[in-house]
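Next up: some structures, all given as structure tokens.
The following pair of complexes shares a single chain, chain A, combined with chain B in the former and chain C in the latter.
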Partner chain A sequence: MDRLNARLGYLTALPITALLLLSFVAPLVVVAAFSIMPQKVFSLAHLPDFSAYGEILRQGYWRSLIWSLGMAIAATAILFVISWPLAFAMAKVYRRFTLVLTVGVVMTLFVSENIRLFGWVLTLMKGGLIEGYLRSWGFAGFDGLLYNVPVIVFGLVYVYFPFMLFPLAQGIAMVPDDAREAAVDLGASRWQLLREVELPLAAPGIVIGCLLCFVLSAGAIAESKLLGGQAVIVMGDEVETAFTYGQNWPLGAALAMVLIAIIGAVALFSVSRVDLDAMFGGRK
Partner chain B sequence: MRPNVLEASAPAAIKAPARTILTIAGLEKTFDDFTALHGIDLHVQDGEFLTIVGPSGSGKTTLIRLLVGMETPTSGSIWLRDQRIDELPPNKRPTCMVFQSLALFPHRTVGENIEFPLKIRGTPAAERKARALELLTLLRLPPDYYSKRIQQCSGGERQRVALARALAFDPEILFFDEPLSALDYRLRKTLEKELKDLHARTGKTFIYITHSLEEAMVMSDRIAIMRAGRFEQIATPDEIYARPVSRFVAGFMGEVNLFDVTADGTDMAGSGLVIRPGLAAETGLKGPGTLVVRPEAVRFLDFGEAADFQIQGVLHAEYALGSRLQYEIDLADDRKGTVEVLREQRITGKPGTDVRLGWDLSSCHLIKGA
Partner chain C sequence: MTFTRREFNRGVLTLAGLGAMGLGSRALAARTDELNILCWEGYNTDDVLGPFREAHAGATVRAESGTSDPDMVNKLRAGEIKVWDLINLNQPWARARLYPEGLIKPLEKERFMPYFEKMAQGFANPPYPLAFADNGDLIGMPQRYGPFSFVVNTDKISREMAEDQGWKLFLDPAMKDRYGILTYDNWNIIHMCLTGDQNPFAPLEGDGLETFRATAGQIFGGAKLLSDDLVAMNTALINGEIDAYFTGGTYTASPARLDGLTNIRGITPKSGPLDGKGGVVWIELTSAVNNPDPSPLAEDFLEFVQAPEICKAVGFAEGTYNPVAQMGNPEVFALWDEEELDAIQWDSLEEEMARSVQYDVVTSYDELYTIYNAAKRA
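Up next, the complex of A and B:
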């Protein structure tokens, strides 16, 4: 019976396996293959070399990489700190209101990211909502709040907020109330409770939330383009430019591979450190 | 030659004069429109094992949550010796609790769980470990459990880890919120005795909450019975068993026969009961009362045999309880009676046989009043 079940399991997994191989793995393989082609070719029928990777080092693309990763880390850290109290309240304090909040936050996802970012552009630009009103009320005019690094990080925080909030709330919901009460009963202060009990027991949610936000932010383009102008060039932007304007597919593919390798390593390392099964109700 | 060494420990009979460690004065707690505790008073002696017994909804859990500080009282006060503690948060109170769910930290090993209160206080690691190992020994767990995961421990072992953790805190008073209720019968019986033994060895004040009067009887120095947010009776287990103050208390422990009686002048009367004349005067009962008769106090009367109280019935069924036999008797007015005898005293009658039951005033208890 078990063996039959196992065979049926493979059979039922076949369609999705085929789809994943075709739509997810195949493009990755193509990108990987292009990354080891000579510069500026448009077919895979060439002898492989690693000139594209050499180009990354020579042309200083690592600067974009540092900006992407740095801003992703900053955005993730900020998201964690500002989401924790709200996630805690959603999981442990609010009853009905949690649903209202959930619906409210999810609703923002119904509007395209670019349109929402344009909303911020109109709000923050010179002559926009903030600067324009302040000027009309008699304050001195200024250059607007766009086109700098902090505003890009703000954009990342704004866009990826739901991706931190919900996993975090799920993680905090896993912290048993009696364990929290027992810790306080045994003398733990609020801070010790957080460090010794809440953070470790909510770890699976924390890891998932941080991973989602970090990965999405590291590959994000729209925030730096729309809010940041050309203040800094991020990695995703460089990849896009190499494939389109630069007409250098091997370079774009190599840049993409570097980003994928770094993000993949971070993801694998973090996921291996926590028990995700506990969160999804698998192994007890 | 045998060295002349005096035993270090004092005889158990010599105890310091009892002092009050915990005082509860006029403690009241209301939730919205429901009053869980109606201004109760209680004194607990230093080193006492006090058990609070009540059915669910009687307010016993609310009481213990107030005592450890997880709820704040609506009015009244709680005193630990001379210090008022009801305004202190739970982490500032020198008491701690063993939870019904045990509330062990699943992400920590057995040793880390036990060391938790010491770590919170900033005790050095080596000292913590030494204390944890001491406590493992005290609770009869092997030292290699120190590095075991909680998930690897059985129910009884987890119980002991929870106890060790609470003892590591070194509380003035140790509270227990029905910690044995989730265990199976035999393990519960073993742990009840171990807990009583642990109480004797540590000399700490234990305040224990349960819904089982049987459990309370085994362990406690004193039992407080709660009903609807008030104490119904506070007394020693013997006193509660022999002289319950109300039908509620009498009926709380296992099977008991209750009979309504009334007294007018010298004689007592009750539905279906044949009562020896003059008993009302002997007992001093005036007006209504309730007779509490334990099943083992009732005997089957032979033809012509007499007893202070007699009642006629029909044998319904026999149940074997191990060393004893229990008989269920159909009485008049659809009432049931329960009789327990030793196995050697098995009666020959089959179900359906008419029987006459009897007991004497000395082996039953009379609750005066309605």
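Up next, the complex of A and C:
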């Protein structure tokens, strides 16, 4: 009976599995297949070679990869630090105000990312909101705050803030107040409370928030283009130019595969370390 | 209430089935009253499409604006040849990629040749030669064009000085961190060749590639910012963060000029390595896509955009403003007022065209692109 049940489980899962394979895995397979085609071809009807991957090593694309991953790590770390207190307040302190805050943060997502970033360009540029006002108040003018690496990280932090805040608040909401009170009663310091009770119990939310921010930041292009003046060339940009101006689909596909492999490995490793079912209300 | 996996699957499958039926019915619909245009911005505005829709009541006319020539070429290559009826892009892509690969088809000469007669100098008598394939087939109709070299703020760098210095302006140590690069990669490569006194349209190898490497390194090394967004580049120029940008022309400077900022000016160098010429001009072609189920409206639309009011709407669409080949016809020219002519630098257009060569296929593009990209990354 148990075996029959197990088989029925697989069978009932079959239609949705097929749909998921078709919609998510098939495009990835096409990209993977293109990545092993000879360079500069536009169909999959060629004998595979790995020259596109060789090109990545030869032409120094690792530099873009390191910049993308490095900035994604920095943005994720900054986001975690600044979102934690706010997420804590949303989950444990604010009551009705949480709704106001949620609506406020979600509303920013209604406006396109490029337009929001362009708003920052107008704020940070020479003669913009900050430099212009300071100069008109008699301070010495300066060259604007754009076109460098820190401003790109700032852009990533700004754009992906909601993606850290909400999972984190959800994670913190899972920490039972009883557990915190018990820890304090038993003499835990604030630091011990955070490290030994709150962080481990909120881990699913932390992992989801960090993963979302890291994955999105690693593939982000607009922040580097609009705010950073391409002070560094990011991986997403390399993929885009390989497919367009480069007219080298296999190279673009190989670059994308490298990024997918790294991000996929990080995601699988992180997800395997926490009990996501607890967060989504599944089995305990 | 419980919701089993089986019920969930049934719901998903029902939705998927309905979706597939929707797609199927669209695929079976006749295409006699449908027109899909893939184009640079301008042809997709209501000023252009509105009158065409009125004239063809009942027809579904859609136009989508592309973000770059290669991006549009990719769409056709990736199978969208079945979707589009017309494609509008710069002529080298039509001549070197689309036509040889069978993605576009020749136009009826009897129907379209007469339109060349009323066009401006360079497009009429003889008809614009690059609108034809090597075998003489007419592969597209020209309309918008413009010189495309670089742009300066004439309050900081005078027009005369910029024209005299030409591309060497960007190698001047005094210009370090005073200019941006508009990263239209294929154009940057042409312009970097010209800066290094090289002909981009001839094969380059050995020492030629080394010269290009040195020029690209120097140009990227001295740039304050890179962007593929002309608005960002004009903004930086207007607020004084940069005094010039590498790669640009009437197309990119015109929006700022129409806003009254006539100190933003496209510059065509007075001299250069291409038989004494240092400027380059782009010319768009609108071609019929080799759609297996073609729409008869495609060629009707190509004729429709030759009408004076529509020529004006195409040349003066939202975003960027450009001269059109049909301005050789006095009826068309009369539709531009003084400010609009100033925005497209009409006063110097003829001399700039005379100092420019046609945008063409870069012979050693693959090698140069690799070097260009490495320099950009470094």
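The working rule: the second predicted complex is superposed on the first by the 261 of 284 C-alpha atoms of A that agree within 3 Å, B and C clash if a C-alpha of one lies under 4 Å from a C-alpha of the other, contacts with A are read in each partner's own complex, and residues count from 1 in each chain.
Just so we're on the same page, a residue touches a chain if its C-beta (ideal position, glycine included) is under 8 Å from a C-beta of that chain, and two chains touch if they have at least 3 such contacts.
Keep in mind that this is a model prediction, so the values were computed, not measured.
Visitor: Report clash or fit for the pair chain B and chain C bound to chain A in the combined superposed model.
Guide: Fit.
Visitor: Looking at the overlay, what does A:Gly246 touch: chain B (first), chain C (second), both, or neither?
Guide: After superposing on A, A:Gly246 lies in contact with chain C but is clear of chain B.
Visitor: Taking CA centres after the superposition, what's the angle at chain A between the directions to chain B and chain C, given in steps of 10 degrees?
Guide: Approximately 160 degrees at the chain A centre.
Visitor: Would you sort A:Val197 into first (chain B), second (chain C), both or neither based on which partner it touches?
Guide: Only chain B; A:Val197 stays clear of chain C.
Visitor: So in the superposed three-chain picture, is A:Lys126 touching just chain B, just chain C, both, or none of them (first/second/both/neither)?
Guide: A:Lys126 sits against chain C, while chain B stays out of touch.
Visitor: Applying the document's definition of touch, where does A:Ser270 land relative to chain B and chain C: first, second, both, or neither?
Guide: Neither partner.
Visitor: For A:Thr98 in the superposed arrangement: first (chain B), second (chain C), both or neither?
Guide: neither
Visitor: Name the contact category of A:Ser51: first (chain B only), second (chain C only), both, or neither.
Guide: Neither partner.
Visitor: In the superposed arrangement, which partner chain does A:Ala182 touch: chain B (first), chain C (second), both, or neither?
Guide: first
Visitor: So which one touches more of the residues on chain A, chain B or chain C?
Guide: C
Visitor: In Å, how small is the closest CA gap from chain B to chain C once the two complexes are overlaid?
Guide: 26
Visitor: Going by the contact definition given at the top, which residues of chain A touch chain B in one complex and chain C in the other?
Guide: none
Visitor: Under the stated contact criterion, what part of chain A meets chain B in this complex?
Guide: Touch residues, chain A against chain B: 176, 178-179, 181-189, 192, 196-197, 200-201.
Visitor: Help me check something: in the complex, which residues belonging to chain A touch chain C?
Guide: Result: residues 9, 12-13, 15-16, 19, 40, 42, 59-61, 63-64, 118, 121-122, 125-128, 143-144, 146-147, 225-226, 229-231, 233, 238, 241, 243-247 of chain A touch chain C.
Visitor: State the interface residues of chain C toward chain A in the complex, per the touch definition above.
Guide: So the residues of chain C in touch with chain A come to 5-6, 8-9, 12-13, 16, 68, 70-71, 73-74, 77, 180, 183, 185-186, 224-229, 232, 235-236, 239-241, 366, 369-370, 373-374, 376-378.
Visitor: Would you mind writing out the residues of chain B in touch with chain A in their complex?
Guide: Within the complex, chain B touches chain A at residues 68-70, 89-91, 96-97, 99, 101, 103-107, 116-117, 119-121, 165-166, 169.
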